[in-house]
Amino acid sequence: MIEIVAWLIPVPPLLAFGLIILFTNRSNRLSHVIGIGGMLIAWALAMSTFFYAVSGGELPVTTDVQWLPTGDTSLNIGTWIDPLTAVTLFFVAWTMLAIFVYSVGYHNFGKAGDSKDRPGLPPHAGGIEPMYARFFAFISLFAFGMLALVVTDNLLVLFVGWEIMGFCSYLLIGFWYGKDSAKAAMVKAFMTTRVGDVFMLLGLAYLYTLTGTLTYSEILFNPETLEMLATTPSVLGAGTSAAALIALLFFIGTVGKSAQWPLHTWLPDAMEGPTPVSAMIHAAAMVSAGIYLILRIFPLITAGWHHGDPLTEIMVIISFVGAFTALFASTLAVGQNDIKRVLAYSTISQLGYMVAAVGIGAFVAAAFHLITHAFFKALLFLGSGSVIHGVEHGAHESGDHINPNDMTHMGGLRKKMPLTFWTFLIGGLTLSGFPIITAGFWSKDEILAEAFGTSHLAIFVVLALAALITAFYTGRQITMTFLGKARSKAAEHAHESTWTMTVPLVVLAFFSVVIGWAGVPKGFPVLSSFVPNWVHEFVDSTLLEHSEVLEFNPVPLIVSVGVALGGLLVGFLMYRKLEAGAPDPLARLGRVYVWIQNKYYFDELYDFLFVRPAYWFAETFVYRGIDRRVIDGFLHWVASLAGRLGGWLRNKIDIPIVNGSGDFVGEGIKTAGREGRVIQTGRIQTYLIAGVIFVGALLSYIFFLL
Amino acid sequence: MSDPFTAIGQFITDLLISIGIDAVITNILLTVIAAVLLGSVVGLVAIITIWAERKLLARVQDRLGPNRVGPYGLLQSFADIFKLITKEFLIPKGADRYVFIMAPLVVVGGVIGLWAVMPLAPGLAGADINVGLLYIIAIGAIGTLGIIMAGLSSNNKYAMLGAFRTVAQMLSYTVPLLLALLIPVMLAGSMGMTKIVEAQSGTWFILLAPLAALIFFISSLAELGRTPFDLLEAESEIVAGFHIEYSGMGFGMFMMGEFVHAFTISALFAVIFLGGWQGPGIESFPPLGFLYFLLKIVLVYFVIIWIRGTFPRIRIDQMNSFNWKFITPLALTVLIVTALVDKLAVENGFNRTAVLLASNAIIVLVTAFLVRAHAASLRRRMEVTDRAPIQQPEAAGD
Amino acid sequence: MVPLSWFLILAAAIFSVGLFGVLARRNAIAILMGIELMLNAVNLNLLAFWRYLWSDSLTGVVFIMIVLAVAAAEVAVGLALIISIYRRRSTVVVEEIDLLKW
Amino acid sequence: MTGPQIIFLAVGAVTLIAAIMVVTVPRLVHAGLWLILALAGIAVLFILLDNGFLAVIQVAIYIDAIAILIIIGVMLTRTAMSDTARQINRMWLGAAFACLVIMAGLLAIVSQAPTATAGLLVEDQVSMEALGRVLVDVDGFILPFEVASVLLVAALVGAILVAMTPARGD
């Protein structure tokens, strides 16, 4: 039974996509009913799978059928339900469902469309989105990709789902393709993630050539294979094992997908899409998929490594990239005034946490943070969408045309949009790790505790610093947006969003708080005696080699509480009295602030390092040098040579010899034809008479003469 | 007195033999007598049906109809016949003389020939051949030939056009007619007319195959060239159609052919779908079957007259598209569905009548739905193209 | 009883007459008629042989049915071709349809 | 001379004369009508050969469909060739000679034919049911039957396509 359910989970969104694209795209109502209905069915199936898993059902549940025979081996397609899959399904289904419902309100369903609205541009008077049905088709396909990626039992289908999501994110970031910025962003996102994907495909190919299979059970949960991979030297030689190289290639895929440094630049630009898309990409699906991948291949990353050992090279790389990204992106978030961009950088930073956790071998902590982050980041994005929506409406009413994303024009929205404020506050506090009550505290604390407990002090310090900055910009964002006085007319006229937008916020806020209680670490004062560390036990059972539970240590706890509260407080105090038009208090940092605001000039750097050299290379070298000079020159040479040769042949051979004999034959045939053509009358009857007489002759020969 | 027809035949045979005539020749004579008798009676029926039709049409149109000659105008037809006989049979200049003369004979002959296989009563049929229904189809189309001959030989363009229309219509509607007739053949398991009648001793086929009956009826109307398919003699378009040049008894023969044909089709419908001579009490007194048969014929004939009185004429493009786009696909569907359902129902022990009726009802519902959807789309297109005509009348079959 | 050879002689005669129609007629439709006559002669032959020699199997009858089907198809296509030619070139005389000659 | 022989001679004579008229009469319409007579004669001969089914089929297909179609074809194209024009081509003498050759050849073969007498027909073997079964029997004639039906469909479509009035601008 559960096997069939697992098979069916990705199917409803796919059907919904097909139905909407092919049949119902004229009817907005029918389209969103089908889209949400499909997601609802998928959600119900995912929940039943999850509850089967947590209620002690036998795991992993696995089925497969043969898909593609390839000579000696065959590629199978199947499902794989283990604890990691189950919890991933849980948060993916919930957040996606919330996003689907939220989209109805976000795209102003029920409002009359403005005749000036054009497909490819955001509706400018609060009317219904012109491509409403198409949006639901795209996100349905996106949901299919994500769910297929989660339930599959092999890396190939995972890659397929991965690419479907990449394609969908391309479509959705550029959903308003009438905007030039959106067009640029969609191309950038697609191309940047493609860099990672190519490496990932290389990893897949390499893995396949070594093992002849891509199925989880035969690679990741097969100690012999892992041992083989860990001991086989890689093609690079020089001490790296095949496992490490494959893990590195996969990790580059993750770097692209989860926007880790140095491939992080696409994600902030992806904010050009509608806000549900941002939530989809940054919380529920795409970036989570990157982390899901490295969690999935955790046995491969850690092949030949055991708890307590010094980190292997690949783990060092991963943890370094993760920690660096966490700190680096959090500093960038400080300088942003666009409400969604702050969250985008925050996402990059939080993903860095998870990557770093995987890097130091803290599998459970990373998974735990993945879950909590999905909920609170989805909540924050949807909340920010609600804010933007409200401010946009205010802008329409007051005629004050400002950028509705810009936080400097907000302020005082607490009274205007109470539900959004409270849920956003919960999300913000969770993000900054407000002690005890929020889920973010528990998950982040676990990562810090792991880093501290396994004595990776450098990592610990960097992450703690990142946590401090995170708390700071969260405080800054909440204060600038909701507290104080309204700094524009639009903000004064803002009002609360419809129920289809607020209900998902409340649901997500609920989970943002509650999820944390499933992961209270063992030995935590007072609380741990009430609630067991359920997450640790459950998720850890994914792996063959179980990690030992760390002893409780108050140092990371104190640090964690300290940075969270401190950061929030500083943020609040600094921005409490921000006036309209006043410079950002951080501008006092001078040059550093300029650097931050310009994202450390990474875009410019890449432009200088890659884009312009590529153009130059194409123009100067390939076109002028190779194409014009070498290839064309060669062709011209060949052509003139052929011409000269042809002339010689024509004058010496063709005209006297070939033509002479040809003419003779031709003239002879012509003469023969002219003389003989009277026989051909062109009348079938004549031929028939001849034929009949011949047959008669033949008959008489046979019957009378033989 | 169990079988009076055999008894009469035996009586005549005995009589002839007693005069001293050879047995073989007696047999031939008997056949000839029966054939002449049957043909004459059927021909005479036309006289009555003409009167009935005029009278009924008059009632439909709130008139009195013939009422001067004889009681209730009963002798009106006789008066008409005398008039026709005494008129000169004109042969137009440039006409193809022999073909012109033969055409009405072929028409009447073809129609009367149909009665050769008609089972009139239990044990009474002209020739009970095992391919009776096929014979009906084959001989029934001979009438088309007569009409073509008339149109060709008249040296008149209206006659020619009328003949064209007739041929187009008759050939087209033969397709659904044949398909509809295959269903009773399938249900009875035979093409013999007597077998078909006997197969309806329990349930009449109109209950087993109502749609087939309807299709057969409509196609027959088209074959007859009766309203609403009477565009072969649409006065406003082609004057009188193929018999425009005929006068006197030549015209009379065409008239007779037409009425006898209508009567014959009624008889066919009665035989194939209404159980022919089936009815209560025929086992004990077989001649009763003849009465039942006559009653059923009259009933169907009444419906034909009724339709003539109430329906408008359709256009020629409507005639064509109705046939090829609606009734032929429907007949095909019904044929296939009936074949499947009948086979499965009989194998699985369902009530045959109920299952077949239900399948017919489902086909009707689906058809109605499709027609509605099609009409809706046509209406939408009409709205889109505003007042532009939806459809140019297609070129007629020429 | 009619001897088998009578049927065969009649069939041969009709066949030859049909063949003459095909060979000598100028009108394309008349040629078609000739072909029909030839086919009918063949059918007569087939049925006669079936009746006299092989009446224990239905091969002859089936053969005739197939011939009938082919004849129907042939007439339909043939007439369609003739009418198409008539539309384009206003002629049904086979001697005048000589575009591909020389 | 038995009854069937008299009938055969009468019908055969009519058929042969009709056939000769088909290929010789100048008026094509008349040729068509003579063709119908010849086909009807063949149908009667079929009855003489104890196959009423094929006789009826002969009438239904040849007379009702093919002959009428041919007559329509004649009518449609009658302006192209007047009935007074020469109907026989210049090579008719050659054609006649060829036909005589063929006829002689055929008669020569016929003279070698066995002098068989018709056996009794078993009713089951000529019944339509038996014919129907053998037509769809896997060991019977299902393949020719299906091929013939495909041929008919192809001919139907092809005929419509060939004779269709070309769309304007074509």
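All chains are identified by letter, namely A, B, C and D, in their written order; residue positions are counted from 1 within each chain.
Rule of thumb we're sticking to: a residue touches a chain if its C-beta (ideal position, glycine included) is under 8 Å from a C-beta of that chain, and two chains touch if they have at least 3 such contacts.
Predicted, not measured: the structure shown is a model, and the values here were computed from it.
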Distance-to-centre winner among chains (Cα means, whole assembly as reference): A
Whole-Å gap between the CA centroids of chain A and chain B: 74
Computed distance of Cα centres, chain C from chain B, in Å: 33
Separation of chain B from chain D, taking each centre as the mean of its C-alpha atoms, in whole Å: 28
Residue numbers of chain C (touch at least two other chains): 19, 23-24, 95
Overlap residues in chain B, where contacts from two or more other chains coincide: none
In chain A, residues with contacts to at least two other chains: 683, 685, 688-689, 692
Pairs of chains satisfying the touch condition: A-C, A-D, B-D, C-D
Interfacial residue positions of chain C with respect to chain D in the complex: 1-10, 12-21, 23-27, 29-30, 32-34, 36-37, 40, 43-44, 47-48, 50-53, 55-58, 61-62, 64-66, 68-77, 79-84, 86-87, 90-93, 95
Chain D - residues contacting chain B, complex: 27, 29-30, 33, 36, 52-53, 56-57, 59-60, 63-65, 67-68, 71-72, 75-76, 127-128, 165
Interfacial residue positions of chain D with respect to chain C in the complex: 2, 4-5, 8, 12, 15-16, 19-20, 22-23, 28, 31-32, 35, 38-39, 42, 45-46, 48-51, 54, 57-58, 61-62, 65-67, 69-70, 73-74, 76-77, 79-81, 85-89, 91-92, 94-96, 98-100, 102-103, 106-107, 110-111, 113-119, 121-122, 125-126, 130-131, 134-135, 140-141, 144-145, 148-149, 151-152, 154-156, 158-160, 162-163, 165
Contact footprint of chain A on chain D as seen in their complex: 89, 91, 94-95, 97-99, 101-102, 104-105, 108-109
List of chain C residues in touch with chain A within their complex: 19, 22-24, 31, 94-95, 98, 100-102
